[in-house]
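You will see chain A twice below: alongside chain B first, and alongside chain C after that.
Our next item is the complex of A and B:
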């Protein structure tokens, strides 16, 4: 077996890779944020004078903005600092910088913040003790409302042979990237420069421009190595504050969160309550009604992404003739809602899969057979009227059933084997661009994303370029440049990087080949090969070293070919949308997972003994990287399934902002998964690839819950499945 | 974390002197708990006195009795085959502390001195009749664990006094059972230690994982009788335990879940103590 190392492995193992938390500059100051001491209330006064009285301290707050950004049209809807109303605890009210971190913390503590506290709005079910009716859309707590329907659900449910209604609850979960948010800002010569650990340098540039009211052309964002993002580093968080402090200080300012603040300020997934009603007649689903209450924290009105995107995952992937779906985004005194790997899909899929298991049980059917009969197949229509494209989930399910049969035969009493299905779509997002640079030695992919750890940039893009150009790995280089020099890309999120930038690479490769075709005689396709250690252009029996095809000036600089990929595919039947925005799927990807668990019948403790995953990843571009994504996604999903839960007190305080009581799995809780790719169902990416960053996490909580139910009979309707919750479901308490 | 100065005396006298010169100094014996508290601001110390250079990384068997030097890393205790064989309850409790990496740093003296309400070691040491040897300005003295650990985070350690060793007499049987949300690197929701130390075969039972401190349950032990308990005695002891123990609800577990666990873990620990094995 050959062992290959990722191109970033050596630098990371040796500690040479510079992450956001490693950033430093000569003369640098250390920044700290001053947060609101209550989750809700009025901000009466912020007095920076005691902080400024300390040696070397710079302090900025709302009052300083006009002086620091003359004429800056700050985003009135998104004030940088809390102005009058405090929306969540630790919401920034000021920022300070000082020569040392300890001095910065002292200065932050010295700022006098006067507030008039008000009762915090924290718990969804306190806001709506009764399930909200259609009038809830007018509630001041509701800032997003989405609704879609097709067919007469009420009539179908009245006629149905069996109707099952259940309520599921899911908690707030954090991304827990190893590296907290960190950046270093420098302002001078009209340029606002920030080096930062981000999933989206261009996204940060756009955010900073809008928040500070300065043109994008004056902002340069330079990505560092990223110690994990998982959605938490998709937009700006600290950068605007660091830039303001750097501007005020006239010196570089480093601003980083410690891990407690990372929990408290990070943009996380917030709690939800999901109510599902399904009608079945003669073993077939006739109607489904879905209601979602999603805590969106102090997110802003009009931003219905959270509800609109999430709710798509409550609609599938099963044929449902009549449906009605309604989601409310509910504002609470918590930080704004943020994406977490496959935003909110693991939670929705847990509810849908567990619910259908219960529906099948009530109807006297085998749950997996029941699901197999309803599963979308290519050319089916989704509830929103989109045609299903190549979809490997039915094939993945067949594999999963075979494994489950084998494992069941071996399982001991008190053990159980469960299957869970999840679906997803590669997001091409707002698109992106690359440049290919051909020199006599190599082809360099010039682009604007840093590797966030998944391998999608350094391996995914390289593998696409290798395949597109027919070159070995050592002739492909991936170059990163900051937002001033790199071609645009929208960010490393949405399982899109290898797909969208890979498509851009294909376009650039064609363009490069067209350029070369003009320079070498003959007919037919032009290819690049390595001969005697140098790059050679070959065409129909002729060949010529690249060096000889380049003009003298090009030998130094190389020749450049650009490629781009924008836009998403698919469309939905808008007539079925009543309110809000629903999104079509670019392609249809999915996975069937199998878990073998042991449940302690006296304590409710769950142990995952074995785990298998069958993934439709379209064409697999780089198997080792793809497998690593699946293994990591399953480990993360086991956390959501079994232990992870951020708990907010009634006064809007996070009660467990540390890794002792916010429990991610340790390796002891994660069996090495058995991973299989189900190929032959091409997607929207290069060579038919489908995104794989997010899908692996999606089915995990559902799969574990199904296995727990089979092992013990416990039907748990709230995540995570802690021993105590399982014990309650077993009626031990 | 606010900055602190660190001294590492090479002798006991120097260590005691360092602590006498600064009553507010913290004692560093591994640091896996103290440094977290300092970082979170729950404890303040401008000066730490490290015990790492003292000659206390020892493990001495005298027949079946064991003396453990207070700065011996827990991992070394765990790796000793005689500990596993002769004091399985202690071995199980040591393995329950944090993770392997943490146990390379954490020490038995640190665990006792910090007196965390959820300590995995204190319940077992209670049931094993362990004694703690202390050394300080007035010389040495010995206290049973029950009189050393007074309350949550409170011990009988006097000014400038240090834990030198922990002595454990021979035990006929011992076992430790715990329940957690996450098996590793977590704090027990409830734990039960049992041991038979007396020559007459009587049991000792202690419960841990609940504030304010681990507690011996003599009435429960009494209900178990001598030697192998009958099913009825075991049931009576489990009932007694879930009735007698003052349980509380906190963010780790509800009171009723803990009540459920007391009986279950007691039965399992006794079964294990009898040599019947049983699930962890």
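Our next item is the complex of A and C:
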């Protein structure tokens, strides 16, 4: 077979890669969940007897928990099964397992669930028809409230030459990993073992421990190949239920979602309403006020991450002397809010970018020039008082402007070229650890993550190890081990994997070199080289094969060196925080995108003809993998921009849980983008790398909206930009 | 629901299936009876293309095909190694262009492309072949690398 730069290509092209949906074991049962038939109400009774009467069926519900996990599963804040109150439609009330999938479905349908339905709380603007005042923080619907301020916004807005206030709306969007959630659980000999398709084996272990009330030491999580994550597989979903069923059955249990349930039960981005107010005097922004209503579904009180983290992306990346920001996390009868690639940032950036285009128009200024003048520069302070460092966005914007000028000269009537700017930060999560194993043949990176497709594990970590140790790619191996054997890592999310685990690899490489320095005489740095097919340690003219340096206890595994990386960089001025938690940026990642679109003047349909992306990714350590991330992120962003919208009915039912009516971009709808890296702005990762999993999706909806406006004059303030919304903005409807 | 015996040729080998219920889908026959898990299950409603296989050389959605309706046919899946030159060309093109990330849609894309090579011929223009892949969804690559794989097909030795 032809050679791929991806080490996983051969297995995936032979059909040999085992995903979560491929899991099976001898004697296993097939599981199914029993969901609440209403989105809100009281659960009167759950009768498992009719299901148990069917041959070979095992059924568990709240009543069985005490026998299966004494004292566990009863956390009032995180009930495994709905107990009294039903929080969302399809919320699990019981789980069953049977010898076949069809039998499991019949058993699930046989469970008698009695409920007393109540009106569902679904729509943000029904809850708060008027914009909530600060008093709303006491509302039972508000589970998170964040607020920060700097300067006197009210006074600045009163004095401003122009004040523009607008409201933006964004819908629920789903990750749509093509592989639905799936796992296989086995319980025996005091070990609760679950194999699962996950972005975070250790995160699943922690979740299972907390949800079932069993110690982490008794739980083993084994990752499979992951058929797409995009944030949707970052924490546990099915694993606790599969484990309970396996415990009850005394046999392995496989539990997987069908695709409809994937839509209905997945943890997704939920709707928002964003109100932005900006004051301008003499062409300069004098004040901004940002208010956010974020639907967090049935998320738990105190979980303000969604509002606190997201809202950070409504604050930049523009100099603003006075600002005020307030966000509410609103509880509704939908599943809990979950992360979707760059959680909520594409939506925030769509609102901010589109709004500032409108502000510039009102003030009689060129929008891009207006933004360029306000863009954060090195050493500026963010609205929360964090110093801006190594920010390549201004440089990226200059490239984007040059492309936009060329494309505008070629665009036909009815076509337009727009620019959008996005920024992000590499997250470090709770950090992570690796081990390097040096043998006579290779260096193995032993770690706890499976490749989710982005390449951050199999290529990102390998590229760091190659560079740190000066070895060619065929001498670096990435090994995966389950949570019982691997060093800890917090998960493949937040654009953190290559950054955080890469830093751990650098530390381990230093430790390895220090160990080798003690075993080979001489002065100066120790290097590894390949000579006559084997690894050799060299130092100042001397050299020794690795095999001669191994101690007897190292013959099997090799010389072991460990490295770790915890913590995040950056700090904010806490005096500006009034309520809730705001987060500093670990580093400053930026991208400027350009879209060339055609808008049908009769239908409002948008076609993207060309697309260009300029990314500050710090030091690019693996260009082919980095480019692939950007190409894929843009396509996903085009979905948010143009077609993707999960629609919830008034009674809390998802009305379009199918790929036919929740439309993701298809091959003919995505142009091949032109991708350019803007280097010279080092980030927090190894060798100055910045995370790149999430940034490419962020500017896309804003960029497309800017192009649509230029093409047609349509100023659309609600995502996605469907033909209907564009036509309405053009007063065609 | 009746159960009738069926015989298929799968990846060049004859397999006897006894009995096959009327409502059993080819996808489940391949994955759970024959253990050929390389054919992927996505939506099961014919929208994503992840389960695309060839039946008598034609691109077919295994999730919407009832096994008992295709007795005696020749089924080709991603596991076939060295039995079909078009499949090897398509596979090599995807490898060289690294036209995959998570890999879940990949078997479906490779088989759909194989079917097109058979239907339109190896000298069919790249844009015509690419157009024929519109029924397959990919969430990771943005289709850019897939387009490069198809564009480079001619360079692949059979």
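Here is the rule we go by: the second predicted complex is superposed on the first by the 724 of 733 C-alpha atoms of A that agree within 3 Å, B and C clash if a C-alpha of one lies under 4 Å from a C-alpha of the other, contacts with A are read in each partner's own complex, and residues count from 1 in each chain.
As a convention for this text, a contact is a pair of C-beta atoms (placed from the backbone, for glycine too) under 8 Å apart; a residue touches a chain by one contact, two chains touch by 3 or more.
Everything quoted here is computed from the prediction, not taken from an experiment.
Look at A:225: by the touch rule set out above, it reaches chain C but stays clear of chain B. Residue contacts after overlaying the shared chain place A:647 against chain B, while chain C stays out of touching range. In the superposition on chain A, A:632 makes contact with chain C only, while chain B stays out of contact range. Of the two partner chains placed around the shared chain by superposition, chain B and chain C are both touched by A:666.
Taking chain B and chain C in turn and counting the residues of chain A each one touches, the greater count comes from C. In the overlay built on the shared chain, the residue A:602 is in contact with chain B alone; chain C does not reach it. On chain A, the surface touched by chain B in one complex and the surface touched by chain C in the other have residues 658, 660, 665-666, 668 in common. Residues of chain B that touch chain A in their complex: 2-3, 40, 99, 179-187, 189, 251-254, 256-257, 260-261, 264, 279.
For chain A in complex with chain C, the residues that touch the partner chain are 1-6, 8-19, 21-22, 24, 176-180, 225-230, 258-259, 452-455, 624, 628, 631-636, 658-660, 664-668, 670, 672-673. Considering their complex, residues 102, 260, 600, 602-603, 605, 607, 642-643, 647, 655-656, 658, 660-661, 663, 665-666, 668-669, 722-724, 727, 732-733 of chain A touch chain B. Looking at the complex, you find that chain C touches chain A at residues 31-32, 36-45, 47-48, 50, 77-79, 81, 91-98, 100-107, 110, 130-131, 133-134, 136-147, 156.
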